[in-house]
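The structure appears below as C-alpha cells.
Should a chain be cited, it is by its letter among A, B, C, D and E, assigned in written order, with residues numbered from 1 in that chain.
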Amino acid sequence: MADRTILEISDLNVHYGQAHALQGVSLAFGLAPVAIVGRNGMGKTTLCQAIVGLTKASAGSIRMEGQEVSRLPSYKIARHGIAIVPQGRRTFPSLTVDEHLRLASTGKGGAWTLARVYETFPRLAERKGNGGTQLSGGEQQMLAIARALLANPRYVIMDEPSEGLAPVIVDHLIDVLRALSKDGIGLLLVEQKLALATAVCDRVEIMLNGRIAASTTAAVLMADLPMQQRYLGVASAGH
Amino acid sequence: MFKGLITRRAAAALAVTASAAFVAPAFAQQGGVIRIGSIKTLEGPFATGGQDAVRALTMAFEEVNFTVAGKKIEWVRESSNAQADVALARARKLIEQDQVDIIIGPLSGAEGMALRDYSRTLTGNTIVNGQSAAADTTLRDVSPNFFRFNGDGMQWIAGLGTYAYKTMNARHVAMVGGDYAFPYAQVFGFMQEFCKLGGKVTKLWSPLGTTDFASTIASIPKNADAVLVIHGGTDALAFLTQYAQAGGQQPLIAGPVTVDQVVMSARGPHRRLLNNLISAGPIVDDSDDPTWKAFVDRYKKRFPDGFAAPSINAVHYYIAARAVLMALEQVKGDLSSNQQAFQAALAKLEVPTPMGGKVRLDDNRQAIASNFIRRVVDRNGQLFTTQVERFDNVTQTYGMPRAEFLALGSPSRDNPSCPPQ
Amino acid sequence: MGNALELQDVGRRFGALHAVKGVSLKVPPGQRHAILGPNGAGKTTLFNLVCGDFPPTSGQIIAFGEDLTRRPALHRARIGIGRTYQTSLLFTGLSVLDNLLVAIRGARKGRFSMLPSGAGGEDVTRARELAERVRLAHRADAEVATLSHGQRRQLELGMALACQPRLLMLDEPAAGLSPAERPELNQMLKDLPRDITLILIEHDMDVALPISDMVTVMKDGEIVVQETPDKITSNPVVNRIYLGQGHG
Amino acid sequence: MNLARTLLRAGGIGLAILVLAPLALRAMLPENQALFWIGNIFARALIYGIIALSLTFLATYGGFVSLAQMMVAGVAGYVLAITVQGAVPVIIGGFGYPVAILLALGAAVLAGLAVGAISARTNDIYLLMITLALAVGFYRFVETNIDWFNGYEGIRNVLGPDLLGRKFRDPILFYAIASATALSLYLGVIFLVRTPFGLALQGIRDNPRRVSALGYNVMLHRIVAFGIAGFIAGCGGVLATIYNIGISPGSIGLGATMNLLIISVIGGLGHPIGAFIGALLFAIFDTFAASIYDRDRFNTLIGAVFLSIVLISPDGALGMVRRLREGFARKPRAGAPPL
Amino acid sequence: MTGATAATVVLNGLTLAALYFIVASGFSLIFGLMRTVNMAHGSLYLIGAYIGYAVFEPLYDRDLWYAWYVAILVGMAAAALFGILMQTALLGWMQGQELRQALVTIALSIIVADQLLARFGGTPRQFFAPDALFGSTSIPLIGNYPTFRLVQIGVALAVGIGLWLLLNRTRIGLMVRAGVDDRPMLAAMGVNVPLVAVAVFALGAALAGLGGVIGATAQPLAQGVDARFLLTALVVVIVGGMGSIAGTAIGALLVGLAEQIGQALFPTYSVILTFLIMVIVLALRPQGIMGRAR
C-alpha cells in the first residue's frame, strides 16, 4: 500500500546536558498508524516531545508535509497539524472537562467535534463539569486523547495513551485509534503494551538506547518471542 | 575558591575609575573663588520644594552676577532624597571632595539635624540652613557652624492660637496632623497660645504616610468649633480633598505648610475649603509690600514655568543665600582663619527678607523672624494668601527665657495637653 | 527485629488519583527486592511514601520495627534509610566529594558543625572511599554540573550509600545508562554488602533480575504478583502486563 | 581540602588591597582628597559591602535573594541607637558602646532568624516578595513609631566610642575598623561555606528535598543561615549608624533596600567578593555621577546602569570578568549562572 | 467608638479594599500566567495616572463632562502600551528567569519614576470625577458619605466580575487558565502563548492604569505613590494567594479593613496590623489563603 509521507524525521538528535537521549533517529510516517515500542528510558518519549517542540532537538530535521518545523516554536508546529497526547497526560487542573474540550476545538470544522468526542467517550460527558484533581487517571487520559483529536490534526502522536485505562476502555480505545486513518489522521503510537500497539498498528519500530533498533511488522513481532524478550521482555536477554 | 585574578582586576579597574574622578575637582585650589554648595531635595515627594529652592538660589546668585567682593562664586549643586544619611553623604562630598566653603541647605528636618551634627565636626566651613525647620536643630545641642535664618516649625504657627480664640471665638479645636516631630512642634506652638487662653484641643494623629484619611475624618468630634489642619504637601491635599468629599462642614484653620502653593495650585474639590481659609505661616503670597511685589515679579520673569508665587522653600533658600552673600560682602570675601570673621558677620547680620521685614539671629544662631496670619483668596481662579495679621520678632522660645521654655519639655504627641472634658 | 521494611495497607491519593492502593509488603533484612511495573504503576510514589516526602493517606509504614508513618523525612535517613532518585537530585553546584560529604554527615551528629572537619578528617577519607567505590575517584573534585549522565547515576548510588544505610532504595538506577555502563552498575550492585537490605525499582530486567531475591510487580497502584526471580519470567500475569498479551 | 591555604591567600590579598589602597591614594592625591576617598568612598563601600555581603552570602550559598538585609542592618543600628549612651533622644540609653554593640548584634541575629523563620517555607521569587514586604513593613513601623524609634526623625548623635585616643569616626581609624570587620566577615564566609553546615546549606540551595532525605533539618539550616546573615548585616548596620552619626527611617527605606540589591547585583551574586566590588562601584557612582551627568536625573542613570547590567551580565561585574577570562581561555564553563 | 463611626470605618475599609483590589488584580493576573513578579506595577499605576492627567486637564479646563472618562481610557491605554513594551522588549525573552525579570522590573520602576518626575514635577495632582460621582451621598446610619468611594466599590466589582467572565466564559480566558497550569502543553495545542502573554500583560497593566486614575481621584497623585501601591499589591497577593483573583479580593479586603480599622483604633500601630496579617497567613498557609500549593 503506497502511503504518502506526511511526517518525516531525519537524523534527529536530542541531548539533555551530557546525555545523548536521541541518537540520529530517521523515520517517515504516512497515514497508516505506526507504533514505537521499547522499554522505558529508551528515548520514545523524547522523540515524541521533540517532534512537537516540547523538547528542542540539537540536530536533525522534522518535516511536516514537506515543511521544516524543527526550529519552530511548538505552537507553530501544532498549527502545521501535529497534535500530541503527552506522557503523564498533562491535562490542565484548572479547567473542567468541558473547558478543556472547548479550548481544544478550533471550530474550523473537521471530523472531530465536541459532540463526537462526548459520544465516543461517554465518561467525559458524565464528568463535563469536573476539573483537575477530580478526574481519575483514566479520565484524564481520555481527556488528553480527546483534546488532541479535537484539534483535527493531520498527524497525532500518542505517548502511552493506555496508561491508567481500564481494560474495557482500552479495547474501546483500540477501535478509536484504528479508525483514525479514516478521518485522514496519521498516528504515531508509543506504547509499552505490545498487544495494544500491534492491535492498532501494522508497522512497528523498536527503540533501544536512543536509536531505532529494528523496524518490523506487528505480525512478525508477535510471532517472534525471542525478539520480544530481547527488546521488551521480562526475561533477561542473557538468559 | 578565591579568584585572585578577579580581585586584582577589580583593583585595576578601581584605579582607572579613581584617576578619572580626580580630574574634576583639580581646579578647586585656585584663589579668588568662593565655592558654595547647595543641598536640596529633587527626588520624591519633596521634589517640588527642591525645584523652587533651586530657582531661588539661581536668582540670588544671578542678582550678584556670581561675584561677591570681587571673587567669583562657584556653585556646586547636590540633591538628596530628604533622608538624613543621604544629605550627610552629599554634605561630606561637597566639603571634602568639592571643597566648598559654605553649604546652603538642607530642606527637611531630619536632614537638618544630621547636617547640624556634621557641622560640629567641621572647622573652617559653615552650613547655612536652607529650609529645614526642626526646632531641636538650634534649640538643643547647637553647633557653632550651623546658622538658620528661617524660623522653626513652631515659630511658623505663632499667632494662630490667639487668632482662633479671640477672633474666631473657637473654644474647642480638633487637630489633625501627621504623627511625628515636625507637626508636634507646630501643635505645641498653637497650644501655647490657645490653651493658655482657655481653649480645648482634641488631637487626631495619623501615621506618617497615611493617604486615606477617611477614618480620621470620621473621628472628628462634631462639637468642635474648628478643625486645625497641620498636614503638609500631599498629605494636606489628600486630607482636604477627602474632607470636602465627605461633606465636612466645620470651619478649618491651617498650619503653615498646609496652605502653600503646592496645595493651592492643585485643583480639586478642596478648593471650596481653601477659599477664605485662615492659616499661619512665615510668608504671604499676595502681600502688598513693594519689596515682595518686586521679588515676585523678578521670580516670575526669570521662571515663567515656576509657581504663581514663590514658595516658602524659595523664600527661605533665597534669604539663606542673601545672608551668605551679605556676610561675604562685609568681610570682603575673607574666609581665612576658619571663617571666623565670616561667621561673626553672619551672626550679627540683619537680613532684609523678600517679605519686607528683617530677620536676625539669636545666641543659638536661630532666626528671630516675623510670622503672619493669612487668609486664602481667589483671584481669577488662582488662590493666594493675603495678610491678615503680622507678628514681628517671633523667637524660638515664644518670648520665654530659654530655660523656662525648655522646662516645658519637648513637643510630643501628648505634650502639651488640654483635652475637652 | 523482624522486617527491614513493612508496609501495612499503605495508600496514597492525589485528589481523585489513587496512586497507591492498599499496598502491603514485607522485606526481611538483607533481602534484595525488586519492584517492577509499567509507568504509572505507583512505584516511585511508594518510594516517596517510604522516604517521607509526603505521608500516606492510609496505612502504616514500619522500618526496623519503628512506625515511621508520621515521622519527618529527615528522620528516615537518621535510622538508616537511603535512597536514589529517578532523575538525579544532586547538588550540582558542589563537587563530587562535597556531595558525598553532605550525604555522609546527614545521618550523623555534627551535621550542624560550623567547624571544618579538617583535611585528614575521617569524613573526607570516607568520601574518597565512596568515590572509589562508585568509580568516581578520578572526578572527585569536579563540579557535579560537569558530570555525564552515567557518572551522575553512579554518584546517586554513592550518595545513597554514604549515609551507611541499612535499607537502600534505588529508583531506576539503570535509566538512561548506555549499554556499556550497565554491566558496571550491575557489578556495583552485586558488590553491596549483604547486610544492606536493597529495594530496587527497575524496568530493565537485565539489571533487576540477576541481583534480586524477590520480585514484586505493581500495576495501577496495586501489587499484582510477588515471586522469586526465576519464576517471574514465566508468570502469565507478568507477561500480560509487560507484553500486553491477552489483549487483541 | 586546603581551606587554610585558601583563607590565607584570600586574607593576604584582601589585607594587601585594604592597606595598599589608602597608601596609594595618599601618595597620588592631596591630603584632604585622599582622606575623602578613604573616609567616605572606601569606608562607605566597606560598610555597604558588609551589608551586601549578608545578601550575597544568602544568595550565593543558600539561593535566597532576601531583600530584608537592609532591614536587619537597621535593626542593629536602631538597637545601638536606642540603647547607647549619648544618643539623642534618649530612649533606653545608658549603655556603653561595648554593651550596646553586643545588644545590637544580638538583635540583628534575632531579626535574621525571624526573617528566616517567616520566609523559610518559601523560595525564589516568593522569598523576594515576602522579604521586601517585611523590610518595608519594618520601615513603615519605624517611621510611624515615636516611642521606640522616634519616628521620621530617627535617633541621632551616635558617635561611636573613642579608641586608642582617637575618635571612632576619625577617617583613618574608621577605615581601619571597617576594613578589619569586612575582611574578617569575608574570610568568615569563605570559611563557613566549607564546614559541614556550609556544605549542607549549598546542598539545600541545589536540592532541598535531597538534603532532607539525607537526614538534615532543612528548615533549621535555612533559619540559621538567615541568622548568620543577620549577624553580618548587623555588623554593617552598627558601622553604618556610627558613620551616619545616627539612624533614621530613610536609611532602611525602600530606596536603601533597592540600593543594596543593586549593589549585590552589579557586583555579582556568584561570590562574596561581589558584594564589595558592587559596593565600591556604587559608592563611586553615587558620589560622582551627579557631577558627570545632569544631577537632577541621577536616578534615571542609576536605573539604566542597573538595567543594562541585568540585561547584559546577570551575574554582575564578577560574571563579566569571568566571561572575559573565559573568552581569552576559550573554555566554556558548565553550570547555570546564579540568576 | 459609636456604632455610626464603626460602620463608617468598616465602609472605609471596604472602599479602600476596592481600590487595592483594582490595582492588585492586574499584578496577580500577570503573575498567575507568567510567574513574572512585576515590580514595576506601581510604575504602571503612575503612568496610567499621569498620562491620564495630561489628557484630563485640558479637557476639564474646557468643562467637558467626559474629561474624566477619557482620562480613564487614556490612562488604561497608556499603561497597557507600556506593559506591552515591557513584555515584548524585555521580559518576554527571559521567560522563566523569574528573579532576573524581577530585577529588570525594579530597574524599570526606578527609571519610570524619575522620568515622570522630570516630565510632571513633584506637584501633587488630583482628578475630579464628574459632579454626579464626586459629592456625598446620604447613607442610613452613616450619614453623608463620599459618593466616589462608593463608585470605587462599583468599579472593583465590575473589574472582579469582568475578570471572572473573561477567565471563565471566553476562549482567551481558557487559554490564560490553561497557561497557568502548563504553558508548554498549551503551546503544543497550537496556542500562541507568547501572544497570550502579551495580551495578559497588557490587561494587567491596563488594570494598573485604571487603578491609577481611580486612585488619583480618591487620593492625590504624587511621587512615591508607586512604591506604596506596589507594596500594597505585594501584600495583598501574598496574603490572598498568588495568581488567584478570588484570593486577591480576599487579600484586598483584609488589608483594606485592617488599615482603616487600625487607623481608627490604634493609629500608631496600625501599620503593623497589615504585616501581622501577612506573617500569620504565611505561617499557616505559605501559598496564601487561596493560593495553590506549589
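Basically, a residue touches a chain if its C-beta (ideal position, glycine included) is under 8 Å from a C-beta of that chain, and two chains touch if they have at least 3 such contacts.
Please read all numbers here as calculations on a predicted model, not as lab measurements.
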Number of steps on the shortest touching-chain route linking subunit C and subunit E: 2
Where subunit D and subunit E are represented by their mean Cα positions, the distance between them in whole Å: 33
Whole-Å gap separating subunit A and subunit D, where each centre is the average of the chain's CA atoms: 54
Averaged-CA centre spacing for the pair subunit D and subunit B, given as whole angstrom: 34
Distance between chain centroids, defined by C-alpha means - subunit B, subunit C (Å): 72
Overlap residues in subunit B, where contacts from two or more other chains coincide: 43, 179, 207, 209
Of all residues in subunit A, the ones touching two or more other chains: none
Multi-partner residues of subunit E (each touching 2 or more other chains): 114, 268, 271
Chains touching one another, given as label pairs in label order: A-C, A-E, B-D, B-E, C-D, D-E
Subunit B partner contacts - residues on subunit E that touch it in the complex: 5, 8-9, 12, 15-16, 60, 114, 117, 121-126, 128, 134-136, 144-149, 218-220, 222-225, 228, 259-261, 263-264, 267-268, 270-271
Subunit B to subunit E touching residues, read off their complex: 43-51, 179, 205-207, 209-212, 214-216, 218-219, 233-234, 237-238, 241-242, 245-247, 262-263, 265-269
Complex contacts: residues of subunit B adjacent to subunit D: 1-11, 14-15, 17-19, 21-22, 24-25, 42-43, 77-79, 81-86, 88-89, 92-93, 96-99, 109-110, 113-114, 117-118, 121, 134, 136, 140-141, 179-182, 207-209, 410, 412-413
Subunit E residues touching subunit A - in the complex, by the definition given at the top: 171, 174-175, 177-178, 180-182, 184-194
In the complex with subunit E, residue positions of subunit D that touch it: 65, 118-119, 121-122, 124-126, 128-130, 132-134, 136-137, 140-141, 144-147, 254, 258, 261, 265, 296-300, 302-304, 306-307, 310-311, 314, 339
